[in-house]
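Single-structure report; data block below.
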Amino acid sequence: MAGPFSTVSIAGSADAPEEDLAFARRLGYLLGSSGYTVVCGGGPGVMEEACRGARDAGGLTVGILPGTDPSEGNPCLDIVLPTGLGLGRNRAVALAGSCLVAVGGANGTLSEIAYALQAGRPVCCHGTWSVIPGVAQAATPEEAFSFVEECGRRRS
Amino acid sequence: MAGPFSTVSIAGSADAPEEDLAFARRLGYLLGSSGYTVVCGGGPGVMEEACRGARDAGGLTVGILPGTDPSEGNPCLDIVLPTGLGLGRNRAVALAGSCLVAVGGANGTLSEIAYALQAGRPVCCHGTWSVIPGVAQAATPEEAFSFVEECGRRRS
Amino acid sequence: MAGPFSTVSIAGSADAPEEDLAFARRLGYLLGSSGYTVVCGGGPGVMEEACRGARDAGGLTVGILPGTDPSEGNPCLDIVLPTGLGLGRNRAVALAGSCLVAVGGANGTLSEIAYALQAGRPVCCHGTWSVIPGVAQAATPEEAFSFVEECGRRRS
Amino acid sequence: MAGPFSTVSIAGSADAPEEDLAFARRLGYLLGSSGYTVVCGGGPGVMEEACRGARDAGGLTVGILPGTDPSEGNPCLDIVLPTGLGLGRNRAVALAGSCLVAVGGANGTLSEIAYALQAGRPVCCHGTWSVIPGVAQAATPEEAFSFVEECGRRRS
């Protein structure tokens, strides 16, 4: 089960293939079931599905939005945080979690991976960005979940 | 009781007089009792006391930190969000709530008031910044709470 | 004449009355004539007129834009810096100068004044925000220019 | 020669190997000689050497600093812009130029590459990040300079 600081950042595209969406939903479910809070950029696609999964499992979800209007958040958010920073909010997403899981994603996701690595947050990637040095790889949501759990054990 | 988008931003100094601290704690308690989520800058002083009150009442608390280290948040936060933006995080604090209550505070608090007003969020001040045009004033925590409730009624 | 660190921040509205525009243009001219670099938010109105004046006098002008598109800057900028931070760029404008002059302005300008004061940058206001404690007042562009010169003398 | 919007962003480490420093200095010189303005994060290492080269050639240099203190900028900056955003300033560095050249660099540099690509700015890498899809590669400063010139031709 999740410990006291048990927030996980999830990154990925607003417009993602079905495989990434299903991965995100399942990962969110596993995280929510174990008491983790899911933080993401608050948009659709991978972000929304991770939140949907977490919510279905009774977990808490947080969206750090690029715009200033809270109604632009996806419908699966418990806490909606408009920032007005545009993609500048990606750094806040990357720093929010004790680790970051990137599910597919393009260059916006890459900025989140870079910021997480720079700040010493462990990063796990499914798909696109597995080429980046220093990131773990997850073929399945279960592997990504094990990565998150392992990060928690190392800290405690 | 709080409606679906029921987040309130609280601003104020890390180093505040006892009267402001007591005001913040009582206001936090009133908000938490009614189901509002309290968002603040995550520091000590007014921020911590508002969270303490909200927590005592069973409410949810969010801290948007200036630094990158989650352990720098005050001990009364449920959700800790390091941003690494320094006082640039003040805009995110100001935008988070459907309204902002400023309890005393200095120039950092003034930046939050300015951003909230600019984005059309209603603002209520206790003490220092009551001179700013367009802000409501609250002599007591109960008056500030009524202001928050009234903002909610106007939106729905 | 301006010394080695001789950048001045100018704040004010994109949509300003003619009196503020003329004030900004004249102030920009005085600054540019004396070798100051003018930094502003890069938009129209007060920002553009301050740059126009500075340019007419052979001074250098910098615009820190809210958006990501450099073509959105006003036509009197030598250095165009898109930030993508929206009004989050106001803090960078406030910090850029060794002092800040606010010419009229609304709540966005107030956020710049707040950030400048918080960071210990001297602030001079013409019009709107002269009520803020700790700011100097300038009835004319010449008075604002004297304020800038005096700030420089105090530092050296 | 450089056209009307002729700003180039340079990214790289504060603590870089001599080969990267020499690359940056030579590239800066080539850019400055042709009228380009060099924008960087304002720190030491690659950033400083790029500015040194540009300055030696009579070019203009801009540093977008992470902190709030202008005296923290490297000694080769004409325009010093403290932001207080920490590494959040990386996005502004990435967006400043019509293209980005990354000379070596670690995860901070990666965030700048990611943001530049995301915003449609062409990116050229020397060393570390040549593995990123969509970036050009430069073995020499002359190749990087040709890349910058080619970007300009494509736009005009």
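The first chain written gets the first letter, and so on, giving A, B, C and D; residue counts start at 1 in each chain.
In this text, contacts are C-beta pairs under 8 Å (C-beta built on N, C-alpha and C of every residue); 3 or more make two chains touch, one makes a residue touch a chain.
Since the structure is predicted, the reported quantities are computational estimates derived from the model, not experimental observations.
Participant: If you line up contacts by residue number, which pair in B-D, A-D or A-B shares over half of them with C-D? Let me know.
Facilitator: The chain pair with the recurring interface is A-B.
Participant: Per the definition at the top, count C-beta pairs in contact and tell me whether A-C or A-B has more.
Facilitator: Higher contact count goes to A-B.
Participant: So, what's the distance in Å between the C-alpha centres of chain C and chain B?
Facilitator: Chain B and chain C have C-alpha centres separated by 30 Å.
Participant: Based only on mean CA positions, could you tell me how far chain A sits from chain C in angstrom?
Facilitator: The answer is 40 Å.
Participant: Please report how many Å separate the Cα centroid of chain A from that of chain B, as a whole number.
Facilitator: 26
Participant: Using the touch definition from the top, which residues of chain C touch two or more other chains?
Facilitator: 68, 83-85, 87-88, 91
Participant: Residues of chain D touching chain B in their complex?
Facilitator: Checking each residue of chain D against chain B gives 68, 83-88.
Participant: Which of the residues in chain C come into contact with chain D in the complex?
Facilitator: The contact residues of chain C facing chain D are 5, 7, 37, 39, 60, 62, 64, 68, 70-71, 79-85, 91-92, 95-96, 98, 119.
Participant: Show me the residue ranges of chain C that touch chain B in the complex, using the header's touch definition.
Facilitator: 87-88, 91, 106-108, 110-111, 113-115, 117-118, 131-132, 134
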